[in-house]
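This is the structure, below, for whatever I ask next.
Chains: A, B, C, D and E, in written order; residue numbering restarts at 1 for each.
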């Protein structure tokens, strides 16, 4: 095996090995740890881009290791997988920089960054997984690697959140295992192939396949935070801001959404999923989640909780796009993977900056924050508008495609849903934006930590501005050849190819 | 046949005794009676038809069994003695001795 | 009914009775003594079953040594108070 | 738990166990009575192969040749039990208090007699009933008598001689077994010509070990008796 | 079935070597530890060589004394016994390595070494035995050495637990022996394969089935006769707990497995279902009890009660080959993972001076490798991929689906979730922040790493288990066929 062929493995190793070394590092060797972290992230990004480029040249990567008789662990490069792995590698680099700045001087950093790296390894593994069982393995690994991050602070609240997180995700994993086995007992294979594997069995095993689909969605839906399996996500916001970014944008929920794509596109196939009426069911669940998440967000007073409910709602745009059953809607769903990631990570970074610099956690304390931290708040505002779906921000593109796709698929109710959801988004974001810019700042911030000339540490500010700029750029330049949108269009076209 | 039935009877009596025993030495006695019952079955069944030469294999098995039984009995007795000796000894554990 | 059968019947009954008594006797000391007697009866049974080797082993090891072990242990029990706390 | 409750529970347990055991007895008795009357077993095979075993007594042939492996493991069980007892051994062995004249004189006569009987059983074991276990058992019993009679010399066997005596039986088996394996035969397959000698050697070694192990078990129990400090305990623990 | 090559005497060395080593370790206490470790190493080599041999040449028999069954005793080796011998050697090696430093911190004397060697010898002899009565002797040797090791923790509760363990296991052995007597007098042989050929379903065979199954269930701690296990496994010294939970408690199940394929092949389904139901109850009951425990080692012991339940799910699913494969991989995975957990718990106990779960503060910080070993072991117990337990559960569920018996599949998954609950109950406390000092110097690196190595093996077992799985049960035939296709 040349190193070229082992590229998928190297992608995993680029975060796994630094992670393992970091575990062994003593707490005080900060420089070495940071160097390892950043070089791992940079190398990973490089490798992923390299793999992407090679795939563009027609190189196909596939690695197999036998796990059970007739069942292998498979790592494979596919368009959808590469799309996701590029996103997570990029956001990981940004989040790492942010985390280094954010966790300065807090205890147990070696442990933190070790598990941090394991998380990203699991995400990359799930992205490159070539069959359902490999996906399952990395899905479980992600659960375990995230737990120590959620309970990182060691407080009672953190442990409670950790318990809840585990109860949901481990339960989800168990259900997913059962569903996977069930499916395997019907089909005899679990490979991810465009068009799915169940088509030959639809006639004979329709009921069993439908039931297995429900079980599988219930398993994956925990991470994708579909209502009613979403409660862990708002609770987990007690974790430090970089962890929230990881949960909401880079890894956990993204793996859930990605898993739904794999399920519909690569396992059941669009045709079978629609034919059995399963996609329609998923669409309804997604619609309910969108409305429910927005309504709950409206009622929150804590900024991070609000953002968490917003995630619940936004994620289901992805599920909705997958479920609507048309290339255009699917494009909207797929591209939202990137758009939502960029916007939500910016929002959490900004919220983290507020908390870290000024000690602000509650929405009512954000009055006038724009004067004190103009850059962070500008990024926040930009992405809040994106979430609402204002052109030319990224969120607009997603919603536009979803809307068009819905009309294409004769599901006009979705347009109303999107409009309603946008109004709700506006209803909870706009008052905040108003308060930030147009209300007077308080005499005294809760815990003002002045640091140098910039509004906050550059390690915190630069990632925030970078992701905000990206979120703007992917919207502005959506029509250019190498934009995420074009890519998503390509992938969607593949799924719906005759 | 008579002896094998007696063997089973011993096995059953002793089984009941060992279930109900609270004192270790009683249980040890019962176990010994029980093993005698099993041995009796082993050897007696070899002579179901009178007049034939006895089968030596069960005899060898019983002799092996007797030795195993005495080993186990000796161990059990010494354990019982340790149990008594330890009752008042301090334990390293957190909770006070759970024994009655 | 021949004498041999009668003898076997009596011996089998004796063995079961001794076993029963050894396990139910109130006093532990008597139980042990009964157990030794039980072992000797067993030895007779082995002889009746043409198992001389077993009979020898039984008398030497089972009745003899096990009895001695139990009695030695009983000595310990006695000094520590009663052990006959069967409900 | 109040006393009446406890009594009820105990009565229930007795009743239940009696019932269960009666059922077991009925089942087993039925099974036993339904056994075919024609003899099964390996008696014929043993008789057929007896000449090549080096022992005329079929039981000895089974114990030391056909199923010699069982016997090897059994001696291992004995030794292991003694080691286990040693790990729990505390306290010193006290001399027996006034054994009484009768016992003393009885022992002084009986011990030599038992020694002779043991020697005979060992020697005869090849052809007539008897063998290592019986001889070992009787030797140990003789030792017990001596100890009870106040004689100190069984305890005097200690240190290296004791350890060697303990492992003698098992080591002899292992050595013989390994030697034939190295000679290209199966483990414990004795050459037909030397089988009788090998069996005799094995029996002697086993007798020594068995006797010493059994005697030492008895001594350990005596010792444990001396070290006991407190009242009775029960095995019924959570 | 091929005849044994003249040079392949590995089966003999696997039994004789630990016995001889035990004698030497007893005579020369000073080198006892070295002898024991060297023997464990050699056992690993021998077991691998044997596994290789039976893989290449198929299962084989070895006639002790040259007589051959049914007159003599045969040893029997096939891939199933081969892999179990290997895992036994691995666990013993790691545990003994751990014990060197552990014993140095206790009052336990050098007799630990010969006794543990006897235990290893008994285990190997049992795994290789093909004779119903010889199995009784090996079971006794195994139980007595296990009891002796438990009693090494010279403490009231340990001694009481050892005594109960001893009495339970003697009674169980006697039930087994009575069953053997009935079988022998029905079929006239003791060799398992010969028994399989001659046994018919008479009332005596039924009685033997009941007696032997009941006896082995007690020894194997199947719910509801597991009463002796939690005490014995938790109050024993930690390396002993590891050996007991990982290996010893599996041995009776292995015997039952062999019986199920040989004399009791064709036992009615109802018996299998009953055993499966008890197994399912064990999973639920053991897990719930584990959740309730206040002490770490008791929690792990109850977890063993639960995990043993999985083994007994084999019986209702026995018709599928994947059930045998699954249960085999499960045994391997559980052996490695559970040993790791007990060794890790021993480390924590040594450092903190207690093992109260409530007070495991700062373990994450002070004993990271130990905690990692525990966590990884726990993850395996939960049955997450790619652990051996995952593969085992997967295959069991596959068998359940193949037979259309869904209930068992649900039990398997539910047990995994319950185990997650009790594992993370411990981990949650270990991550708690607290400022009480912990003396990490109580556990030398060797102890932590021994545990961690086992855990890592358990976790990665799934990755290299695939070729093993193919061996078990053989293509198109099962262990039944192997055992009974004996050459006359």
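Methods note: a residue touches a chain if its C-beta (ideal position, glycine included) is under 8 Å from a C-beta of that chain, and two chains touch if they have at least 3 such contacts.
These numbers were taken from a predicted model, which means no experiment stands behind them.
**Q** How short can a chain-to-chain path be from subunit C to subunit E, counted in steps between touching chains?
**A** 2
**Q** Going by the touch criterion stated earlier, list every chain that contacts subunit A and also contacts subunit E.
**A** Chains in contact with subunit A as well as subunit E: not a single one.
**Q** Quick one: how many steps at least from subunit B to subunit D, stepping chain to touching chain?
**A** The least step count works out to 1.
**Q** Looking only at C-beta pairs that count as contacts, which pair of chains has more of them, B-E or B-C?
**A** Pair with the higher count of C-beta contacts: B-C.
**Q** Farthest chain from subunit C, going by mean C-alpha coordinates, please.
**A** A
**Q** Let me check something: if the centre of a chain is the mean of its CA atoms, which chain is farthest from subunit E?
**A** A
**Q** If you average the Cα atoms of each chain, whose average lands nearest the overall Cα average?
**A** E
**Q** Roughly how far is subunit A from subunit C, centre to centre by C-alpha average, rounded to an integer in Å?
**A** About 77 Å separates the centre of subunit A from that of subunit C.
**Q** I'd like to verify one number: the distance from the centre of subunit D to the centre of subunit E, where each centre is the average of its C-alpha atoms, in whole angstrom.
**A** One centre to the other, that is 29 Å.
**Q** How far is the middle of subunit A from the middle of subunit B, if each middle is the mean of its Cα atoms, in Å?
**A** Centre separation, subunit A to subunit B: 65 Å.
**Q** Calculate how many whole Å lie between the centre of subunit A and the centre of subunit D, each centre taken as the average of the chain's C-alpha atoms.
**A** The mean C-alpha positions of subunit A and subunit D differ by 71 Å.
**Q** Among the residues of subunit B, which ones contact at least 2 other chains?
**A** 5, 9, 11, 13, 15, 20, 22-24, 27-28, 41, 45-46, 48, 53-54, 57-59, 61, 63-64, 66-72, 74-75, 77, 79-84, 86-87, 89, 98-99
**Q** In subunit C, which residues are in touch with two or more of the other chains?
**A** Residue numbers touching two or more other chains: 53, 57, 61, 65, 69, 72-73, 76-77, 80, 83, 85, 87.
**Q** Pull out every residue in subunit E that's touching 2 or more other chains.
**A** Within subunit E, the residues that touch at least two other chains are 133, 137, 140, 144, 147-148, 151, 154, 156-157, 159-160, 163, 167, 178, 182, 184-185.
**Q** According to the definition of touch, which chains form touching pairs?
**A** Listed in label order, the chain pairs in contact are A-E, B-C, B-D, B-E, C-D, D-E.
**Q** In the complex, go through subunit D and note every residue touching subunit C.
**A** Residue positions touching the partner: 6-7, 10, 57, 59-60, 121, 129-131, 133-134, 136-138, 140-141, 144, 214, 217-218, 221-222, 224-225, 228, 230-232, 234.
**Q** Please give the residue numbers of subunit B that touch subunit E in the complex, ascending.
**A** 11, 15, 18, 24, 27-28, 31, 34-35, 38, 41-42, 45-46, 48, 57-58, 61, 64-65, 68-69, 71-72, 75-76, 79-80, 82-83, 86-87, 89, 91-94, 97-99
**Q** So in the complex, which bits of subunit B are touching subunit D?
**A** Against subunit D, subunit B makes touches at 1, 4-5, 8-9, 11-13, 15-16, 19-20, 22-24, 27, 41, 45-46, 48-49, 52-61, 63-64, 66-68, 70-72, 74-75, 77-79, 81-89, 98-100.
**Q** For subunit A, which residues count as touching subunit E in their complex?
**A** That would be residues 23, 65-69, 73, 108, 111, 133, 136-137, 140-141, 144, 147-148, 151, 153-155, 159, 162-163, 166-167, 170-171, 173-175, 177-178, 181-182, 184-185 of subunit A.
**Q** Going by the contact rule at the top, pick out the subunit C residues touching subunit D in the complex.
**A** Counting only subunit C, the residues touching subunit D are 52-53, 55-57, 60-61, 64-65, 68-69, 72-73, 75-77, 79-83, 85, 87.
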